[in-house]
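Letters A, B, C, D, E and F mark the chains as written, and numbering starts fresh at 1 in each.
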Amino acid sequence: MSRPITLFTGQWADLPLEEVAKLASEWGYDGLELACWGDHLDPSRWDDDEYVQGRLDLLAKYNLKVWVISNHLKGQAVCDDPIDQRHKDILPPAIWGDGDPEGVRQRAAEEMKNTARIAAKLGVKTVVGFTGSSIWKYIAMFPPASQEMIDAGYQDFADRWNPILDVFDEVGVRFAHEVHPSEIAFDYWSTVRTLEAIGHREAFGLNWDPSHFVWQDLDPVGFLYEFKDRIYHVDCKDTKMRVGNGKNGRLGSLLQWADGRRGWDFISTGHGDVPWEDSFRMLNQIGYEGPISVEWEDAGMDRLIGAPEALEFVRRLAFDPPAAAFDAAFSTKTE
Amino acid sequence: MSRPITLFTGQWADLPLEEVAKLASEWGYDGLELACWGDHLDPSRWDDDEYVQGRLDLLAKYNLKVWVISNHLKGQAVCDDPIDQRHKDILPPAIWGDGDPEGVRQRAAEEMKNTARIAAKLGVKTVVGFTGSSIWKYIAMFPPASQEMIDAGYQDFADRWNPILDVFDEVGVRFAHEVHPSEIAFDYWSTVRTLEAIGHREAFGLNWDPSHFVWQDLDPVGFLYEFKDRIYHVDCKDTKMRVGNGKNGRLGSLLQWADGRRGWDFISTGHGDVPWEDSFRMLNQIGYEGPISVEWEDAGMDRLIGAPEALEFVRRLAFDPPAAAFDAAFSTKTE
Amino acid sequence: MSRPITLFTGQWADLPLEEVAKLASEWGYDGLELACWGDHLDPSRWDDDEYVQGRLDLLAKYNLKVWVISNHLKGQAVCDDPIDQRHKDILPPAIWGDGDPEGVRQRAAEEMKNTARIAAKLGVKTVVGFTGSSIWKYIAMFPPASQEMIDAGYQDFADRWNPILDVFDEVGVRFAHEVHPSEIAFDYWSTVRTLEAIGHREAFGLNWDPSHFVWQDLDPVGFLYEFKDRIYHVDCKDTKMRVGNGKNGRLGSLLQWADGRRGWDFISTGHGDVPWEDSFRMLNQIGYEGPISVEWEDAGMDRLIGAPEALEFVRRLAFDPPAAAFDAAFSTKTE
Amino acid sequence: MSRPITLFTGQWADLPLEEVAKLASEWGYDGLELACWGDHLDPSRWDDDEYVQGRLDLLAKYNLKVWVISNHLKGQAVCDDPIDQRHKDILPPAIWGDGDPEGVRQRAAEEMKNTARIAAKLGVKTVVGFTGSSIWKYIAMFPPASQEMIDAGYQDFADRWNPILDVFDEVGVRFAHEVHPSEIAFDYWSTVRTLEAIGHREAFGLNWDPSHFVWQDLDPVGFLYEFKDRIYHVDCKDTKMRVGNGKNGRLGSLLQWADGRRGWDFISTGHGDVPWEDSFRMLNQIGYEGPISVEWEDAGMDRLIGAPEALEFVRRLAFDPPAAAFDAAFSTKTE
Amino acid sequence: MSRPITLFTGQWADLPLEEVAKLASEWGYDGLELACWGDHLDPSRWDDDEYVQGRLDLLAKYNLKVWVISNHLKGQAVCDDPIDQRHKDILPPAIWGDGDPEGVRQRAAEEMKNTARIAAKLGVKTVVGFTGSSIWKYIAMFPPASQEMIDAGYQDFADRWNPILDVFDEVGVRFAHEVHPSEIAFDYWSTVRTLEAIGHREAFGLNWDPSHFVWQDLDPVGFLYEFKDRIYHVDCKDTKMRVGNGKNGRLGSLLQWADGRRGWDFISTGHGDVPWEDSFRMLNQIGYEGPISVEWEDAGMDRLIGAPEALEFVRRLAFDPPAAAFDAAFSTKTE
Amino acid sequence: MSRPITLFTGQWADLPLEEVAKLASEWGYDGLELACWGDHLDPSRWDDDEYVQGRLDLLAKYNLKVWVISNHLKGQAVCDDPIDQRHKDILPPAIWGDGDPEGVRQRAAEEMKNTARIAAKLGVKTVVGFTGSSIWKYIAMFPPASQEMIDAGYQDFADRWNPILDVFDEVGVRFAHEVHPSEIAFDYWSTVRTLEAIGHREAFGLNWDPSHFVWQDLDPVGFLYEFKDRIYHVDCKDTKMRVGNGKNGRLGSLLQWADGRRGWDFISTGHGDVPWEDSFRMLNQIGYEGPISVEWEDAGMDRLIGAPEALEFVRRLAFDPPAAAFDAAFSTKTE
């Protein structure tokens, strides 16, 4: 099985990176998708060569590689409106600053440029993250959100991200946006519109995380085929639907994770409704060559049980395609 | 068929009330659910007896009655956060004022008190409307919205609406909140929580509009049974699901109404997926005694075709229950 | 449209037959399926020629015909065990007698023989009814019901019905058992077994009433094809499923008819889940030549509204097959 | 209702055109989609001006128009392999000739050129038809059909149809291929491939007939959006699925039409499983401006009942979109 | 994994308890749910301290615990009507006696009191069992079962069980009724009604066995939440649905277990349609603290293969909830 | 586990039989279903005793048995029309000869007779294979395929296979036709018709391979019961459905195997949608006594991984039925 499987460290950032590396290595992961928070990776130190080398050395010590780094939390703040307590809770003080929304957005944008730079220093070709969105809050379409307001939101995204992507181009790194509710691209048609907004520039692609597709009734496998030239990374997170009793709503009822009354919930990879095997086979078909990264989120399960189990699950199904077609066996040429 | 059927005038407020009344009367509606916008009804004139009588006279002229009035647009502003352009577009200048959010909210709250007062003057027992919500924007739960933030949102709702409901109690009118995305109660579990937040006070009940239940996978019929003592009004709006091709998302993709790529859309009553007959039968079972009101919304159809067709549809299915059980015919007593 | 449509009078037996005939005639029914209870038809008077002619005259007065008569209530008592208050409520005193179960069963069996005899006198070829069952009560299979007990139930049925069917054969009339829960044949496999028990004798066939198939997940159309030589009559009764909210159970919860919490309920023909058009087309295919009879049962609707509406519904869909195949139009022979 | 509704005469070609025109006119159709068989229209007489004018006069006499003509039967023979008895049965002797397959194909191709020419003469911009296919017979993929064989089939199609389409271009008419099993394009992906094979030349578009999509599990509404610039015509034919009992197979079991054991069957428009209303709304959205044509096929129903009923059905649902959005009614601008 | 998993011995009562204990211990079960039949436990010996201690010693010898005992077979006879051969087959001679129904019922009731007493002596807090029902036989609602008859059945249950529950209260033990067809509470609404009938007294709770929910279309997970304060025990039995071919009926056709024509069948835990993982997670959420007991029933599989496999299945999914939420990892507090 | 599990060698015929035998033996298979192509088995050498014994010795060397042999490729050519390149690719030169279709058919028929003869020599009672079909190409029913043409196809089959089956009868071997698209019997109703065509002669039975049932919406378990006396062999091949996104068609779009856009695809046993466990249980019920053979086909997976995995999957679920019913444990007889 040649495709590498990595662990995304975002949900482990309360632990020191070394501890996470040790665990992942013991479980058999091939590498880490480093999160740019906790003590895992600090993009602002991108020109500190010693720091960068130190990170690589730490990974090497545990026989791990890094193909991708992630900075969801800062990307989120680039376009978001409103900027509120939720952002303060997940941003470092240097970016939150005085909390003035526009200032937060601009500092977050700078951080994303630095994330490209540190990626390049690490030899990493892909940065995964969120874009934020000034129009997500209009999702219910009431009070009425006009076409003009929606258009303005996509334009705001383009205006804020094009300068960031210029830096990505400069340093030869690509950004992989995670299609996700609360972001500028959160489903199929909004992804079409987002790519148009940014002129389909190559610096901007997609992180395919199917967990968000399931509860929106989207086909994650067809999505891979349709956007096959923009699949820059793959995150494995699973979702379990729990609608069907007439009470549990598709929107989750603002209930916390792991509450069984939510209409859907994140769940350990392989325990949910994502068609994993079909997805991995389609990744083979479209020629995706990167790693598969386990983004482990399940508020009802202990992560120390779940993370190694997820690795085993993915290894079993993410097999390589065969070299020859089976019809060959019928051929008279073999006689 | 004894249950009255009314037309909600909210989607007709670009026309003078008299024109709407004339149309509704010709089509055969029994009354109007008056919207408190356009020139239909102005709550701020609640103590102008002549104005109030004039409204009643106008309805009488067309042989129409009024059992319920509605003020969704102002109710929406009571709790909303952010307050933005969308609100400016739907609020009268006197309530928008300088647009300072907290001022808008307070002026909207005063308007809702006046709505109770004018209802009492009109002899109307029920006001339908929205509550707004300061936490709707957290629906995607990312960035993480803590239990504390959610709790604060329900508390904010209670703090803002209790004084309004006090006025409702004073004048003997009840508020019927329309369970609807972007409001404090938008599905089953959020309705449970909302009623708890307000101490289950009788002044606060529900406007059952099943269109919002369909795309959230909620059971509108079971909802009637569960909240049978809080069903204060019934609005007929229908929803057509258009998911199932893997591309049209359950959230609507921020596409405008009538775009066939939306995963769901409002549609003329009887053209969609609401189980109307079962619903009307359950209304009979729980003893709901009010009118059924057609809230006509369908961006792909002409309302002049749709409104009379919807009336005919509802009349055919909203029949009264029979007097006796059919098993009586098997009884030997009849021999 | 040549196939006659009749009204089954069983659910109208609280009214005098003349009143029912008058209503049915006004609505446009072609005939009546006479129930052998109320004052509609009394099998014990089978050899009273004046009585029999009087019934025919009454129908003729309203331009109605009779192709089939029904005696569900007495047939039910032939095999049932226990015999209890429910039977007392639906049986005439002469059959109930002292209520001793075996006596009731035997008097009911005699009544069924008389029903065949009066059918012959009326010129009617088919008697519809129930068989009762001594093993229906074992349906949950707990406490364990052994194969021997089940076998004994089918044998009891054969032992009790063969002598009755001998009379049917004598007078040239056929019995059409309504496949129905609480009877010896209530679904597909129990019908197979029942026909075996009775040696597939021609006197015993089936009354196809699809309402009971719907909630058991049976295919009513396929049933017609499989038992095409045993379809002796067709009753139109409809069923609406109301499961799907996790609470309403498939068994009905012992709730009364028209309670919206039942997982299924009888409903006016055309308002439920029976695939009527496919069924009528299959009746054409298998060459069924008898009438279609509306057995109107809907505890949530007024029968005076429902019965004419059901007639209109059936007339529209129970059309004759065409004379020629449409492919003929492609043929070069026509050039 | 401004969109014209026409009747396709292909299934009526056993009748003289005048008789069909008379019927269609009485029923209220706006025009006819003329079939090029029976006596309806003979493409070989394209340069006989008197003949052409005679056809137009006949239509005018019954107040009917013609926007589209059809030649499925001859188009079928252009690519088919094998050419057999089935073709002989539907081809005129002049085209069948000695039945040598290649000769048949070439004469059929000439006929299609003439069909373009007569369309031009009639002032018609669109010819509907089939292409035939040399690779349809490989549909089960056993014995193995290699990629090379499949590729050759698409190439054969392009080689045979490009010269025909050249004539279409010359005379300013477009060909609308009906996506249909047994043709070169029979589903979504084969349509993609077919359009590629022909270089997306504008002369070649699609006749959208959703009946063939239903039993292949294709989304007919999404198809309209995806190929919105290639929808040249619309035929209304409906399909009823009858799988679900484990016996009726999706492929139809080689049973004749109207046999209820087929897993699917053609059925009168509105009696089947096509989402007609959503489809008509999508036609509004994509700006389709042509007629909607009823292609009536239902082997279980009399066409004299079905054809007027289908017209009424389509008229009721194929309504025009409204002029303004309903949200306008919420605007404060109206106050 | 801290939650204990036990084996219910009811389906093993043909073996001596010691043999069952030996097997269960070898397989790794934590304890036994002792059945009060076979030689496993004899409630009539509740005041024989030596006997009671002997049972505990036997379990201790195999390192097994007992948290719950079960007496389904005797509980069944408390309310059942009719009492027949099926009961004779499963009751000990001392309770069957002369078979007079009322005598059987009363002796069964005494046995249930003794079961509470022996539970107390064993240090066991919960007795699992059936109630029987005098109205189950009315499930098909024909002949008509009036509301009065149904009411009388619930009253009969209360009258017979309240004295039994008084003894439970005396000795500090609770009764957990298994919601099951043929019992007084067999689905959601009948459970609501049953709890009302008994005044919601705390001595009467529920044994959640989801196998009976599956074929009735009930939501077993929602049931746990709704009755969260009455879930006194959990039995794992699974059900496989086999409807869907139009022939296999939802009621099972009175066919024996393991006949593949039944519409549903009991099956080894994990082989059926129960949503086990969601259920176990909900048990965590509602704070259920008792054991999970495997009630192994599968007439198509060898129990010596099935019982250890079921244990492994349950162990893998019935994991403990985590200590902290994963969102903690996003917090800036960790930096 | 007593039922033997074999590997069908058809998809391994590019390897020498000895290599396949070695692999299968190492993986734990009990035997081989020998394919009559590659070097695996040559029916033309049926009277070469040394050759036959050599084959048996080779199997014995690897501790493998043979219960069944297969000759799909030659059987295919017996009835097929057209005979084309696809056949040339899979037939040996001796049978293809000059490629004249009728000659190919007759030589293929001779080969099938020899296959029966070599089976008898090997001590094998069953030959599995295809029949071919002259009417499969009419599956789309356009151009119209008349009932006469279909009838002729079944007659052609009978005419060609009866002489072959005569040889089967002579040597005491049975033919098991694999119900499969492109064959004379490809679904339920065509199997009914095929058995009629051949007079239900015992020499002709069925090879149950459920992979072809899945995408045709057939019930593979019910099929076993219905044709229980004609199930002569069982092949395990699985199918994964990939419709549901509105684009992937049920017919496969003439795309090659392993293309994720196909609406269905063959997949390694246990990875698809076949209800394996229910099927194996039904095989127990109907008394099928032969081997279960893994026919491994999955163009997206390496067969060296898939074949042993499939064996493990089948072993786990194809268990024997138990000796006694579990209800026995409730019996008072054990006390």
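As a working rule, a contact is a pair of C-beta atoms (placed from the backbone, for glycine too) under 8 Å apart; a residue touches a chain by one contact, two chains touch by 3 or more.
Which protein is which chain? UniProt says A, B, C, D, E, F = Sugar phosphate isomerase/epimerase.
Owing to the predicted nature of the structure, the values given are computational and were not obtained by experimental measurement.
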| item | value |
| --- | --- |
| Furthest chain, CA centroid comparison against subunit A | C |
| Maximum centroid distance from subunit B, chain identifier (CA atoms) | F |
| Option reproducing the contacts of A-C, where over half of them reappear, out of C-D, D-E or E-F | D-E |
| Interface composition of copies subunit B and subunit D: same or different, split at half | different |
| Length of the line joining the C-alpha centres of subunit A and subunit F, rounded to whole Å | 45 |
| Whole-Å separation of chain centres (CA-atom averages), subunit C against subunit E | 39 |
| Subunit B and subunit F: spacing of chain centres that average the CA atoms, whole Å | 62 |
| Per-residue multi-chain contacts in subunit E, two or more chains | 73, 89-90, 143-144, 219, 222, 244-248, 256-257, 261, 327, 330 |
| Subunit B residues touching subunit C - in the complex, by the definition given at the top | 219, 221-222, 225, 277-278, 281-282, 284-285, 319-323, 325-332, 334-335 |
| Subunit A - residues contacting subunit C, complex | 244-247 |
| Contact footprint of subunit B on subunit A as seen in their complex | 73, 76, 81-82, 85-87, 89-90, 135-147, 149-150, 153, 180-182, 186-190, 215-219, 222-223, 243-257, 261, 263 |
| Sites on subunit B touched by subunit D in the complex | 10-14, 37-39, 73, 88-93, 96, 240, 242, 244-245, 247-248, 256-261, 271, 297-303, 305 |
